[in-house]
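In what comes next, chain A is part of two complexes: it sits with chain B in the first one and with chain C in the second one.
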Partner chain A sequence: MDLFLQFLTNGLVIGAFYALSALGLTLIFGLMRVVNFAHGEIYMLGGVTGWFFTSYLGLNFFVGLALVTACIAVLGWLVDRFLIERVRGQGEEPGILLTIGLSIFLANFTLLVVGPAPLKVAGAVSEAPIFIGPIVITKLRLTAVLVTIALIMAAHLLIQKTRLGQAMRATFQDSMAANLAGIRTKQVYAATFALGCTLAALSGMLLASIYSAQASIGGLVSLKSFVVVILGGMGSFAGAIVGGLLLGVAEAMWGGYVATGMVDIIGFVLVILILLFRPQGIFASHAERA
Partner chain B sequence: MNIESNTLLTALAAAVLLPFVVHDQYLLHLAIMALFYAVLASSLNLVVGYVGEFSLGHTAFLGVGAYTAALLSAKLGFPMWITIPVAGATSAAFGYLIGAITLRLQGPYFVIVTLSFAEVLRLVANNWIGLTNGPMGLAGISQDGIADKRAFFYIVLGIAVLSFYLCYRFVYSNSGRGAVAVRENRYVAQSIGVNPFESAMQAFVLGAFLAGLAGGFYAHYISFVGPEVFQFAFMASMIIMVLIGGKGTLVGPLIGAVIVTLLEEYLREVQQLRLTLFGLIVMAIVLFLPNGLMSLIPRRNESRNVDLVGAAPVKEGSL
Partner chain C sequence: MKQAILANIILATVGLAVSAHAQEEIRIGLVEPLTGSVAYNGNSVVEGAKLAIAEVNAVGGILGKQVRLIVEDGQCKPANSVNAVEKLVQKDKVAVLVGAFCSSATAAIMPVAQKYKIPLVTGVSSKADLTEQSNPYFFRAAETDALMARAFAKILAKDLKLTSVAYIGVNDDWGRGGVEEFARDLSGLGVKKALVEYFDHGTTDFYTLLAKLRAAKPDGIFVAAETQDGSILVKQIRQMGLNTKVFGVGSWATPDFINLTGEAAEGIHAAVPYASSMDTPRNQAFVKKYETQYKTKPGKYGAAGYNAMNIVTAAIARAGSTDPEAIREALHKTRYEAPNGVYEFTKKGQAYGFEAVLVRIEGKEPKVIASTPVAMH
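And then the complex of A and B:
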């Protein structure tokens, strides 16, 4: 039983990062209808730039977090304005191809610049263990999870309470009407894409403070983020969170009780099963939009 | 048609004579790889270009074919002329199975689920050590005493010709036209009695069969198969070939295969730079040349295959 609780905790910790990354994708995939295959590479860039600011330059973790946010937001903005914008309204395929090209470029360019070695982000606190009943969790993990939760809440408030969030929701409900009402929808698209990318990158940086970041991890992360979004239902904010936690726990249980070798297979098997039996996602009553 | 078929026959004749002119083993190897990729690109093009659904799982069929041939040869000692056709058939069976599951989905769901299948197979190949030898792969696959690259060249040329012929037959069959009709307008196609699932399935299974043949050939030619065959890098190469040449055309993927194989070889020294450039090329093609190089060639009989339904744009108000 103690072991079960430990696995559960480990699963929830990883799941929180999955959720944060998937939230970014659900904005891009669920709302903007852009199938962003470079999502995992943006996540990876979050880890790598995070490593650059904290471990390489020796800046404070939270300063690094802010700098990563700024860098990736600008990158996301540029990608939308110079790439995605040009194929908007042409269906899904050009976007898919464009982001596949982008993902190949980003992964290999990063590999050229920083090499294949795993890069560890210097964490905010020490790795001292904390004992909560039978469960052990390091201080570092706990902090990272708390930051993740704070970021998820901040994203939620941004979308629900701010002018930008209002403009986003209006644009994705009816972009023509939003445009007529004076909303600069092009800017809203770019901002949404930038926000989605930033959430992925922050998730990548936080996880890289516990494990490490590698130039080659993007593909797997993209797939897992899609798994989570499909699990939770397209465009559903709550779904992405529950889906992320579910995938994290499923992987931890599989790794703990069955086999450590094939943990990654869980996500793929889940996505195949879900698309077979419940393509609208487990948690959506119908193809719900946030 | 005449001009096109003359060009094709000339190209074929040139290909047949190539080993007599080119004695350099390295160049011959490049020619073999170009033909191998031509088969792969053509088979992917059936799904991407004609059905119009984006499969990212095509390496699944390449890998299944390669492993089938490798296992039959290494563990049971079958000769190449049995293992390669069986590899094609096994892949086709997998194609039927995966198609039955995935072809009900469209757009991003189709992309993700096909990619998932390829990943599952890669993980199985990596972890089922008893059968596949895991990450070490299966080495020393018999080449049936063929020591000459020239023989391999003619084997792969044979497969490529067969592949082109089967793709040609499919494209101009009722199923092929049906697939294009569905691609252009699903609802209109259905209204005139096209079954979208059936025509897509035929393209999918044929594509899997051809990729399996290519995989079987690859296993014997390289004489090694590892989980890398399922890797996304293979998939990226195939997509780029189809795109550069022009998807939805019969000749486009062949041109793309030759260009990309040469590019890949000459950039081999700088592996990461090569893929970095690849990424940029893909983006540039999508933005500036969405229909590939083939769209630059003016054609007399305006591609019956490409714009079957979309040829005459419906004027506003005419419906």
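And then the complex of A and C:
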């Protein structure tokens, strides 16, 4: 039982991180119909810029978090206005090719600038263990989970309560009508892409403070995020959260009771099951769309 | 038809140009992972190799010619490594090949080297059976897991007072090989096997694995992992509040591993074929040169690249020509005085005679606590 609680905790912690990194992907897909294959590289970029601000320049973790937000939001905005805008409305394939190209560019550009060594983001708090009954967790992880929850809430409020969020939802429902109603859809698209990228980058920085960031991690992150998004339903906000937690817990249980050697398999088994029995995803039919 | 003739003429001219150029310099091909999950270690090999070549060229090259190192990215993947070798042989006309880091990639390029009858030296790939495939063109200037296990099992069991050990390895042929060899030799000394677990390359979270480990209550943890996976794993072992003794194989005695792992690295043991703190004049000179060039101390892989290149260039010099057969003969007569002892090859092409060390990390430095020559087997 003690072991079960520990596995469950591990799963929920990892699941929260999965949810945050998948949220950006599902937002961009849901609103813009862009399948962003550069998602993992943006996540990696968040970790690397986070390392630059905290470990290299020696700034405070939360100052670093704010700076990463600013940098990646600007980057996301520029990528949308200068690259994605050119292929908008031409179907999904040009967007896929564009983001695959972008992912290769970002990974190799980072490799060129900072090299292949793993980089560590200086954490906000200590890594000492805390014991809650039979469960071990570190202060750093607990903090990261709390920051993750805060970020997810903030993204939710942004979409539901602000004028920008209203414009986003209107553009999603019918971009032409939104345009006619005076919404500057180009700006809305760019803002959405910037928001999606920022969420990915922030989860990249949070996780790099617990693990480490490296130019080559993008591929695996993209893959896991796609698994989460397919589990929860393409474009569903709540789905990404449930999908992330589900994947995290499933991996922890599989690793705990079967074998840790083949943990990455479990995500794909879940995807196959979902595609067989509920191809629209767990949440897609009735959930609100971001 | 005309176009075909023209194309042939152009090809022939280009071919001539390449071979004419090739006579002015001696080319050595190096295949390492420069991108992908072990890119970091692959780049260390390249750094060491470049240092060796620069030294050779500084004193006038070999056979009166400059040596040119041509590096290709094999990504540690068998298919990419084979492509890289084909390019190095067909286009660059290299005299000798060095590579390809991961044992699986090396196993894939061995038949290619044999097909073109070009000697292949690896400074890294440690899977035991590579030298058992009776490939006359293959040489391994590196330790195998079996040799390391045999050299250190007794010292470890005695010094760390081990009674039961949990084995954790990265899920590939190298990690599984390391776990199996150490488990066998330690079990032979009466040390109980508490747990055996593997994890995938690039795994970041080990809490689940460590929860199982905590329940198994071993008094020692053996780890076969490289810099990135290993540093995260060791850190998380300490985060879980486990004070179990940790020892293992992999690139652990490096400044990068120690920096990444931080305080958690203190007191862990690593069995390595090379540590920058090895106390020989030749090693001190090597460390100094490496530090001046790269602003960091050499680790296991920097030394591996350096040694492999020196073995190859010395063999070409002894052969007196770039004829692959002559180089192959010369390689068998290797007696190379490395920073870490003397390298010689068995008939099967396995290196022996060099020192392997057991280090303990103390005060951010790998301190050598035992040293033993790797014996012929």
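As a convention for this text, the second predicted complex is superposed on the first by the 283 of 290 C-alpha atoms of A that agree within 3 Å, B and C clash if a C-alpha of one lies under 4 Å from a C-alpha of the other, contacts with A are read in each partner's own complex, and residues count from 1 in each chain.
Throughout what follows, a contact is a pair of C-beta atoms (placed from the backbone, for glycine too) under 8 Å apart; a residue touches a chain by one contact, two chains touch by 3 or more.
If you're wondering where the values come from, they're calculated on a predicted model, not measured in any experiment.
Undergrad: Have a look at where A:E92 lands relative to chain B and chain C in the superposition and call it first, second, both or neither.
TA: After superposing on A, A:E92 lies in contact with chain B but is clear of chain C.
Undergrad: Contact-wise, after the overlay, does A:V136 reach chain B, chain C, both or neither (first, second, both, neither)?
TA: The answer is second: A:V136 touches chain C but not chain B.
Undergrad: Output check: A:Q214 vs chain B and chain C. Expected answer is one of first, second, both, neither. What do you get?
TA: second
Undergrad: Tell me the contact category for A:S103 with respect to chain B and chain C: first, second, both or neither.
TA: First partner only.
Undergrad: Give one of first, second, both or neither to describe whether A:F7 is in contact with chain B, with chain C, with both, or with none.
TA: It touches chain C, and chain B stays clear.
Undergrad: Counting only touches as set out at the top, which of chain B and chain C does A:G261 meet: first, second, both, neither?
TA: So A:G261 meets both chain B and chain C here.
Undergrad: On chain A, what residues does chain B touch that chain C touches as well?
TA: After superposing on chain A, chain A residues 107-108, 111, 261-262, 264 contact both chain B and chain C.
Undergrad: In their shared complex, at which residues does chain A touch chain B?
TA: That would be residues 29, 35, 83, 86-87, 92-94, 96-98, 100-109, 111-112, 219, 223, 226-227, 230, 261-262, 264-265, 267-269, 271-272, 275-276, 279 of chain A.
Undergrad: Can you tell me which positions in chain B touch chain A when the two form their complex?
TA: Chain B reaches chain A through residues 52, 54, 56, 101, 105, 107-109, 111-113, 115-117, 119-120, 123-124, 127, 232, 236, 239, 243, 272-276, 278-283, 285-287, 290.
Undergrad: Tell me, which parts of chain A touch chain C in their complex?
TA: 2-3, 6-7, 10-11, 13-14, 107-108, 111, 115-118, 120, 127-129, 131, 136, 138, 207, 210-212, 214-217, 220, 251-252, 255-256, 259-264
Undergrad: Mind listing the chain C positions that touch chain A in their complex?
TA: Chain C reaches chain A through residues 34-37, 39-40, 42-43, 171, 197-200, 202-205, 207-209, 211-212, 214-215, 227-228, 231-232, 235, 239-241, 256, 259-260.
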